Structures are given as structure tokens and as C-alpha cells.
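Heads up, there are several structures right after this.
Both complexes shown next keep chain A, but they swap its partner, so chain B is in the first and chain C is in the second.
For the complex of A and B:
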């Protein structure tokens, strides 16, 4: 970025079999000094579509973004479902590495057939991302992929995510976690546009095997009750979890002070699907072309106006019950503000809840919560504090109940009554992240086996899930295929076969899981060199001492059990 | 009375989110539910005659899955909260 130079390089043979998270984490670990300042000149930002992304494989439009995180101080991988990923892959690009730093203004990287150039992005800087994406679409054509960082990123806020276009072109699909939006903005890069017209497409080494593998996977996805058309993800979206997690006493309300509230159904997936039907938004909907699960939606205001995009379970919870807000319209507007400002919804919700506990607003005051987010747009000192996330805001306002792990705000499951997800939060190299090893599947949902949520022996479960997840995050498939392939072995085989078909490899299922394990090793090595120790794999103190009502349990997984996940 | 809540497809099929029942076990509550809402029977039971639940139907009593209580024989007392979910996931 220093010299505003863009160049193409051939993919080194050592990276040939890598994609998605495996590729972003490998490049970051090889090229970023672990002790560098995440917002300084030596950090890099890497974008990589998954192995099968850009092919006709179902539900595979994922992009991985990696860098050193300003939120956790460790390595970070965040991913999103978006046509941007597919277009990048079809344009023949395996990864974009953004290095150096340019401070004069923000730039737009324009990628099209045989060209890549950096253009002055001043017209779209300092603006909301909905408007910026629409104007960029007008200028570069509708059939493009767009990615961008918003005002929160411009502030260097550690809660800033990276937005990608959904099918309508809205800035609603996020590689949200870990502050990568701030890494992008501090490189001097504001947007990337990709047009794949005339691109070479993704080469498939063995077309027959590809057909065979994707057929097996498709059959699993269209059979399993969670992922099939008319199944629960398709009908209610991810927000169907609000009721089940609330009933289990593990939905964090009012900054992780309570696990159940009878008001939760007011923001449930059931309620949301019913409202969308009445108002004329869209449900089901796909975040990227070729998804057969279609868990997404377009939430709109009363009268069918002003589309926001999807309101995911995590976002609804973070901006809703966690802030004592039980009104979908308030949640929708808070989610709109996050999408517009370039904020990760989970981090934003945790931050607002901590700010409420710190006395900046009353729990339940949706209007005040929205005003607080507007402070980010105005770039006020308060806005700058909030844009830096949960831990930073908690410290600024003297709060001790700060629900973070490695500095990253916890997602929508309180780990006190569901121990396995807590083990993942504490031990994943990513900081508190449910997607890193989704123990909720066996612990609550009975998918991929069954495990008692209150049993504190969860090291093996979490490790296995973390390895499988690292594989899926590298493959380019959406993590939600896991619900089907954990239960239907032919689906898992089909997924591995489709990767073999693209790469020309001969992995068995266990080779594939080892591939995931290697990705984790690389990430953990980086974190160690960055100064993260076992002490960072521990819960916040209040979770050990404050029992969560109504189950009245603390997080009682021992330190030894946490250390057993990754023993070295 | 025991408050029985139904979620997701079960809510749509029964047309209601909750009913109050005078019952003393989980099994009797489910029996009452499927006789009141006939269409729920194939959603909840794999084999009604054997009283075998469908795979992945989740029943919680006061927030605990009955797999970790006494299964269908789990006792219910006045004021208990029972919740029934079909297969679902998210995240």
C-alpha cells in the first residue's frame, strides 16, 4: 500500500493445497511478525476463497479473511458467505495479500480481467456502508462483488468487521470478528471490487469425482431435518435458537447476568419469520448463489421498507436480550447501524451491554443504544471507546463483569450451563468464538451425537470439533453443512471427495481432519510467539464466582481440563 | 398445572405456542398434547404404540433435557415448565 502498487504472483507450490482459513492462517503465520502492532505497518490482511468456492459445489460461497487481531493480539480468521468469494475464485485469484500502510486517504482495489488497480476511495469514505455499496455498485456494475470497511474501521476500532455484499448488494454479510475491519482501514484500503467476467474459473482436476462427491453431499443436505428445504434453518433461520437456548437457561440476558427470560420469544426466529411474512421481506433467502440450505433472509421495516439484510441469531441476541431489548424493530435498527458503520454485531452487542452496566443507558433502552452507536458515526471520544469493543469499554467504565476470552466478546451461549462451548471459547486460538468448535450441536441440539451440557469433561469434544471446523473453514463450504455431515457419514465423504476432485489430492476423511489439526497448530504457534499463554485460556473471573440463574451454576471446568484440549 | 411450550414447526402445526395441562409425567403430557393436536403425533412420535419419540425431538423440563432426567418417566409437578422442540440448529 505504501507505493500503491498491485502485482500478481503465481501461487507457490507449498500453498497449492491450501484454501480459505488454511491459506490465510498460513500466510499470516509466515509473513506477519507475531509481536507486531496489529494496526501498525507490519501487519498484513489476507483474503482467500475456500478450496471449492467458485465451483458448482452446494453452499460453498465462503471467503476467509486473516491477519493479526487488534482485539485478541493473536492470529485471526473470520469468514463470510458472499458472492464476492465466488467471483474472486472465478477470476482465478487464490488470495489477496494486503501489505504496507498508506495514511493519506482510503483506496479502492478494483479487480477485473487482467487488471488490478488502486483508486482514490475518498467519495465513499466517512460514509455509511449501505450508501457506499450502492454507489460503488452504480459505478462498477451490479454484477460485482464488493467488500469494505466502515467508519468503525476508519477509527481503528477493534470491534470493526469487514462487510461483503449479499445477493441484493447490501453490506450485510460480515467477516465480523476480531477487528479485521480496522486492520483493513489502517492499511489504507477501504474497498475491494471484483468483476469475474472473462475469468478462468476454478480448475477441477477430476470432474467425475467432483460430480460424485457433490452429489453425496447434496443428498445429505437435502435429507437432514436441519438443512433440508423446509427444514428449520430454511424456515426460521439461525434465530430459531433463541427459544431453545433460552429454555436451556443459557441465553445471556442483560450482560450475562441471567440465563432465561420469558420475553425472549418476542425476538425468536418463529416471531421473526412470521413478521417477515406479514411485512413482505424475504425468507428463505441465500447469502450467496448456489446455497441449498438458504438460512438467510431480508428483514424490513413495517410496510416492507428499508431492507437491513439478515438478522442472525447471534446478532439478535447480542443487540436484543443481552441489552435487555425484546423488540425486533429495535434490534433491526441496531443491526442496520452495525452493518452501516462496519461493526461486528456480536462485539457491538457485548459492548453496549457492558456500557449499560457501566451506567451509560438503562438495559432495554433501544433508542439510547442506537444513539450510542451513532457516536461512532460522529467519531466522538465515546464513539471511539465503543468502537474498540467489550473489554476496552468495560475498562473505561469500571465494569468487572466483562464477558470476553482473549479480549473478544462472547457469543450467544453462556458457558456456565453449557460447558463444552465454554471450553471452545477459552481454548480456540481465535478468542471467544462459538463457530470455532460448535459444542452446542451435541450438548443442546442432539446433532452429531449427544453430550450432557453440565458435564465439565469436554476437552476431547471441543478439540475434535475445532479440528473439523478448521477443515470446513478451509474447504469453502459454509459451516452449516456440519449439521448434516456430522450425522450422515456419506455427506462427510462427499465433502472430502469434492475437495480431492478440485485439488487432485487423495485425502481420506481422517487425512482431512488432520489437515484441520495442522491449521490449528499453525495458529497456536503464532499466538504463542505473539505472547499468548495458558493464562489466556481461562474464563473471566466472574464466570467462576457468579452463579448464573436460573440454573445457578458457575463455569466449573478445571484449568487442567482446559489445558488438555491442546496439551503442549 | 404444567405449562407446556412448543416451538418452531410444532408451534406452526398446533397453531399455538403453549398449553396448560394437568399431568404428572412427561409421557402423559406428550400423550395429552398429541390427542389434543392430532397432527403433532407424527412430528413427536416415531412409533406412538411403542411410545417411541422421534430422533432429535428435544423435551426439556425446567431447562433440563429429559435425557438427563428420567426420560419419558420424568415427574412433573404443579408449576413446572416443559418445552418441546423439533430438530433444529443455527449458530
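For the complex of A and C:
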């Protein structure tokens, strides 16, 4: 970026079998000094589609983004489902490595057949991302992938995510977590556009095996109750979890002070699906072409106006019940503001709740919450505080009940009544992240076996899930295929076969899990060198002492059990 | 504090030989969980006068304050010279341990003969400390020790120090560093008053030896050019260093971007002494009774008004040249604001300079700098950012040139042209702290031997100084006796003899240094358990790459050399 130079490089053979998270984490660990300032000149930002992304493999339009996180101080991989991922892969690009730092203004990286150039992005900088994405679409054509960082990123805010286009071109698909939007903006890179017209497509080493494998996987996806057409995710979206987790007494309300509230159904997936239908939004809907699950949607205001894109469970919870807000219109507006400003919805919701606890607004005041987010647009001191996330906001306003791990705000499952997800929050190299090892599946949903959520022995469960997840995050498949492949062995085989087919490898299922384990090793080594220790694998202090109603349990997984996840 | 209960306890025999820093660090390491939230219910705040404090030993009115630091995340000891220390010791109190947390309002701990009670401090809370100390003096009598935390502490600001009275009763003596003011305020403790009338005094085990030892030390202090009456410190105060360090090209100007500026003499000790004389302030002056060095002063405005207390070298530099301000009246006003708000002057100056680099004011704009500090009093979002110190402010405003170590702002010596002090900044358990191992003595002043400031081999020098300092910080003697005892062996012997005389121990000089080494071990063990690693012993990234004019050198002490200070 400092020389505004773009160059193509062949993929080194050592990286040949890597994709998605495996590739971003490997490049970051090889090329970024672990103790560098995340927003300084030596951090790098890496974009990589997954192994099968860009092929016809079902539900595989994922892109990973990696770098050193300004939120956790450790390595970060965040991923999103978007046609951008598929277009990048089809353009024949295995990764974009952004290095150096340019401070004069923001730039747009324009990628097309045999071309990659950096262009002055001034016309679209400092604006909301909905408007910017629309204008970029007007200029570069509708059938392109767009990626961008918003005003929150321009401020260097550690709560800033990276936005990608959905099928409508809205800035609603996020590699949200860990502040990578700030890393992007401080490189001087504001947007990436990719046009895959005339691109080589993804080379498949063994086409027969690919057909065979994807067929098995497709069969699993179309069979399993969670993932099949007309199944839970398809019908209600991820937000189907609101009622389930609320009933489990583990839906965090009002800054993690309560696990159940009778008002929760007002923001449930059921309620949302019904409202979308009434208003003429879209449901179900694909986040990227070729998805079988189709959990996405287009939320709109009354009268079909102001399309937001999907309101995910995490976003609805974070900006809803966690802020004491039980109104889908308020949630929709807050989600739109986050998407527009380039804020991670989970971090933003945790941040707003902590600000509310700090006295800046009453819980439940959606209007005031929106005004607070708009401070980010105005770049005021308050906006700068909020753009830096949960822990930062807590420090600024003297709040010590801070639901974070490694500085990252916790997602929509209170770890006190669901221990396994807590073990994942504390021990994943990513900071509090439910997707890093989704213990909710066996603990609550009865998928991939059954585990008692209150049993504090969860090191083995979390470790296994973290390894499998690192594999899936590298494959390019959406993590939601896990629901099917955890229960249907042929689905898992098919998934591994499809990767083998693309790469020309001969992995067994156990090789594939080892691949995930190696990714974790690389990430943990980086974190160790960056200064993260066992002391960073601990719960927030209040979760050890404050019992969460109505189950009235604290987080009682022992330090020893937490350390057993990764014993070295 | 949660029960508003005060009780006296006998000193456990294991703590019998401990005082000052040795005692605070031992109690903190035994009683505070290393991973606790520094502002949460499990942190403790410990006050302890030194071993000889309260006796007639010269220049020994020091008090140590310890706890887990909200600024560094590690253990913290900050100390101050104040009659409060002597009165506490004479009242027969070896330490105050503040535990628990009270949130309803602030309290005042009133200590007098056979009495200690917690009183509602509402009348003096939320006020400037000059006014509060004066009113408390009016109520409790002039001949008392007063300690307090200000508005910055009430905000939970990590830049908040703890103020003690000077001889005039001004809130100008600070245990400033590491945010202990916020720890105090979040306990619910706003002030401590101590009246030693009728107290038992400090028991001296061997009075003859005490006389013998203190005589030798006094002789050294009155002989050495730096410490003797009419010597450097006595005549010009600590601020005599402005010209010396500026000439060495190591006085940080404008947020550590330059090591020399021809304007520096305008804020020199020479200029200041002359101005004080003209205006009718006081110079020299004792910070506490019985001091031979008398480096202190009372700075006043034109016409003798608004006495501030001392303008130390560190404060003058931080609020002056580091902010591009070369005007003693501006510096005096800023220092008064810090003393009034309860802010550490070093952290405040580093913070203002980073805010200036972030575009909030022009370097050199003293009026605007004062307005910024006053935001703390108004408790605005900007004030809350600034009250949290250098690194926090840098994050809020997207500045990556952040001169900190372990999150604590660097003092008045740029480590690039003076490597040894840099090694101390990076490796002391305290975060960037010049007093923790004052390598300036041999590197610049030719005291305690001579060392080439540009030689990057400084592990042994810094380690030795850190051990000696931990001893002195425990003894109750002011660190400035080091100038004399490093050069005059009888002075060092006398110092150790005086400690032996009080405690009834039989330390050799080498035993005494081991005592200091043990204190460091305890502190480092705490930090390790709190999550601090070798990665936290590294310089800020920009100091590795940006050469400091006019010497044009980077900080080139290798990681290996830094790790050699404490190899385990």
C-alpha cells in the first residue's frame, strides 16, 4: 500500500493445500511480527476463499479474512458468506495479501481479468456503506463482488468489521469480528471490487470424485432437519435460536444479567419470518449462489422499504435482548446502522449494553441506542469510544461487568448455564467466538451427540469442535454444514472427498481433522509470541461470582479444565 | 469497604522485616488474584511507609502504595515523599490494607490514636483536591497527613494517581503512576487522614547502631555534589535535568518525535529557580520533614498566587516540551490541574501529546491543553478518554506512535539515545518507569560509574539498578539518596545499618541487595500469573524503526538482551 503497487504471485507450493482460514492464519503467522501494533505498518491483511469456494460444491461461498486483531491482540480469522468469495476464487485468486500502509487517503482495489489496480476511493470514503456499495455497483457493474470497511474502520475502531455484498449488493455480509475493518482502513484500503468475467475458474483435480463427494454432502444437507429445505434454518433463519436459548435460560439479557425474559419471543425467528412475509421482504434467501440451506433473508421496514439484508440471531440478540430491546423494528434499524457504519453487530451490541450499564441510556431505549451508534458517524469522542468495542467502552465508563474473552465481546450464549460454549469462548485463539467450536450443537440442539450443558467437563468436547471448525473454515464450506455432517457420516465423508477432489489430496476423515488441529497450533503459536497466556483463557471475573438467573449458576469450569483444552 | 469495617491487626511475623515496596508487593502478591479486574471487588490497595520512615533518618518520608494496576494489568508500587508517611509510621501503623468495594458514595478513613473510622466523604467528593485538602485540613487540624484520590479516580481512569499532602497541605505529592487513584476510588475510599498525636512512634531495635548508620548516610548526603545543601538538586530541583537531557539529545519533544529543542532552557530548573525567587514562592523546600536534599519547592503564579507545590522535572517535561510547550506558566497551570484532578503528571503529559498528535490540538497550545484536562472535571466522553491515559487515548484517536511500556506512558528520557533507561522501561515489572532502575545516573550523570548511553548492552546495569531500587523503595529512603550512596560506600553501609538498627536484622550490603532482588521476584511472579510475558518486555514498535533526531538512533537493544535482564 505505501507504494500503491499491486502484483500477482504464483502460489508457493507449501501453501498449495491451504485455503480459507488455514491459508490466512499461515500467511499471518509467517509474515506478521506477533508483537507489532495491529494498526501500524507491519500488520498485514489477508483475504482467502476456501478450498472448494467457487466450485459447484453446495453452501460454500465463504471467504476468510486474517490479520493481527486490534481487539484481541492475537491472530484473527473472520469469515463471511458472499458471492465476493466465489468471484475471487473463480478469478483464479487464492489469496489477497495487503501489506504496507498508506495514509493520504483511501483506495479501492479493482480486480478483473488479468488486472488489479489501486484507485482513489475518495468518492466513497467517509460515507455509509449501503450508499457506497450502491454507487460502486453503479460504476463497476452489478455482477461483481464488493468488499469494504466503513467509518468505524476509518476511525481505527477495534469493533470495525469488513463488509461484503449480499446477492442484492447490500453491505450486509460481514467478516465482522476482531476489528479487521480497522486493519483494512489503516492499510489505506477502503474497498475491493472483483469481477470474475473471463476468469479461469477453480481447477478441480478429480472431477468424478468431486461429483461423488458433493452428492453425498448434498444428500446430507437436504436430509437433516436443521439444514434441509423447509427445515429450521431455511424457515426461520438463525434467529430460530432466540426462543430455544431463552428457554434454556442462557439468552443474555441486559448486559448478561439475566438468562430468560418472557419478552424474547417478540424478536424470535418465528416472529421475524412472519413479519418479513407480511412486509414483502424475502425469506428464505441465499447469502451466496449455490446454497442449499438458505438461512438468509432480506429484512425491510414497514411498506417494504430500506432493505437491511439478514437479521442474524447474533445481531438480533446483541442489539435486542442484550440491550433490553424487544422490538424487531428497533433491532432492524440498529442492524442497518451497524452495516452502514462498518461495525460488527455482536461487538456493537455488547458495547451498547455496557454503555447502558454505564448510565448512557436506559436498557430498552432503542432510539437512544441508535443515537449512540450515530456518534460513530459524527466521529465524536463518544463515537470513538463505542467504535473501540465492549472492553474499551467499559473502561471509559467505569463498568467492570464486561462480557469479553481476550477483549472480544461474547456472543449470544451466556456461558454460565452452557459450559461447553464457555470453554470455547475462553480457549479459542480468536477471543469469545461461538463459531470457533459450537458446543451448542450437542449441549442444546442434540446435534452431533448430546451433552449436559451444566456439566463442567467440556475440554474434550470443545477441543474436538475447535479442530473440526478450523477444517470447515478452511474448506470454504459454511459452518452450518456441520449440523448435517456431525449427524450423517456420509455427509462428512463427502465433504472431505470434495476437498480431496479439488486439491488432489488423499485425506482420510482423520487427516482432515488433523489439518484443523494444525491450523489451531499455528494460531496458538502466534498468540503465544504476541503475549497471550493461560491467564487470557479465563472467564470475566463477574461470571465466576454472579449467578445468572433463572438457572442461578456461575461459570464453574475449573482453570485446570480450561487448560486441558490445549495443554502445552 | 463493603461492610465499612475497620480493624487493627498485629503484623504477622513473616512480614516483620518488610516495609514500603517489599511490604505492598508481598501483600498484593499473597492476597490479590492476579487475573482479577483491577477495578473490581477482588483488588486490594495497600499503603506502607518504609522501614525507617517516621524515624529521624534523613530524607526518609516515603510511602509506598500497591495494588493491581488498571494501566499495566500487572502489580504496581508507586511511592511518594510526604509527611503522611511519617505520621502513619509514628502512629504505629505498618500498613493499611483496603479491601472490598463500596459503591454508594466515597468515604474518608480517619486514623488517630487508637482509632480508625470510615466517615462519609460526600462533602469533599467530586471536588478539586486543592480545595478538598484545604477543607479537610480545616476540619481535622493542620498537623495531619492527608491522602486522596480525585475526579480522575472517581471516573476509574487508569491515569489517576494518589495525592498526598506536602508541608503546606497542598495536594502536590503523588504516588502517581499506574492508576492506583482509580483503584482507591473504586474501593469507595476517597480520602485518608492520619493524626499521629500520642502515637507510639517507630520502635528502633538498636539505637546506637541507628545513630552510627544515619550519621554515615548524612555525611554522604551532605558531601555529594548532587545531594548536598547548595548542590544541584537543592538549588534547581529535579528540573535541573531539562538542560542536561536536552543537550544529550534525549529530551522527548512533541510526543517523542525529537530529542533536542533550543527552546528547552525556557522551562529549565535554572529558569524556574530564578522565577520562583522573583515571585516569592519557595525554593529550596522539603517535601517532608527531615530531608537533607530539599529538592522541592512551591511554584506560584505571578504575584505569588495559587501555590502549586513542586514542578518536578518529569512533570515539567511531560506537560511542557513533550507537548511542545515551553512556558513555565502554562506548565504550572497544567500541573496544578493534574494535582487538582488527581492525575499522574507523566501519564497526563504523554496523553496530551498523543491527543495532540491525534489532531485535538496543536503542539504548543497550552490553553487548549488545559481545556482538554478540564474535560476530565466535566466527566465528558473526551475527559473519560484522557483520564485513561496514553495508550487508551491513542486507540481512541487512531494514533499508533504510542510511547508506552506495558501500557504505561514513558517518562522524560527517550530510550533511543539512552539505552539503559530503555532496558529499565521495558523490563521492570512496573511498566515504563525511570525510577525503577535509574540508568541515567551512570549513563548521563556519571554517578555510580560511567556507562556509554549508546551501548546497547545494558541488561546487567539495569538489573543491578532495579534490585538496588527495590531495596531503597522498601527502606523508606528517598531514591535520591542513591546519588550519594552509589558513589560513597560509607553512605551505602550507613543506609543498610540504619535498616538493621530499626529491624534488628544483620544484613550485609549484599544481603540488602538480595532483599531487593526478592521483591522483584515476587512482583514478576505476580505479573506472569496475570498474563504478562516476554512479549510485554518489548519497546513500542515505532522506536525500533523511527530514528530520533538529532542523534538519529533507534532503540537497538536486542530482544535477547532485554530477556537477559530476567532470564527465567
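Keep this in mind: the second predicted complex is superposed on the first by the 568 of 568 C-alpha atoms of A that agree within 3 Å, B and C clash if a C-alpha of one lies under 4 Å from a C-alpha of the other, contacts with A are read in each partner's own complex, and residues count from 1 in each chain.
One rule holds for everything that comes next: a contact is a pair of C-beta atoms (placed from the backbone, for glycine too) under 8 Å apart; a residue touches a chain by one contact, two chains touch by 3 or more.
Everything numeric here is computed off the predicted structure, so don't read it as measured data.
When the two structures are aligned on the shared chain, A:135 is found in touch with neither chain B nor chain C.
In the superposition on chain A, A:380 makes contact with chain C only, while chain B stays out of contact range.
In the overlay built on the shared chain, the residue A:362 is in contact with neither chain B nor chain C.
Judged by the document's definition of touching, no chain A residue lies at the interface with chain B and also at the interface with chain C. Of all the residues in chain A, the ones that touch chain B in their complex are 225-226, 231-233, 235-241, 243-244, 247-249, 260, 265, 268-270, 295, 313-314, 417, 434-435, 438, 440-441, 444-447, 450, 452-454, 479-480, 483, 550-551. Every residue of chain C that touches chain A in the complex is listed here, in rising order: 34-37, 39-42, 70, 155-156, 158, 186, 380-382, 384-385, 388, 392, 395-398, 400, 402, 528-536, 538, 540-542, 545. Remark: chain B residues 5, 7-9, 11-12, 17, 56, 58, 60, 62-63, 65, 67-68, 81, 83, 85-91 touch chain A in the complex.
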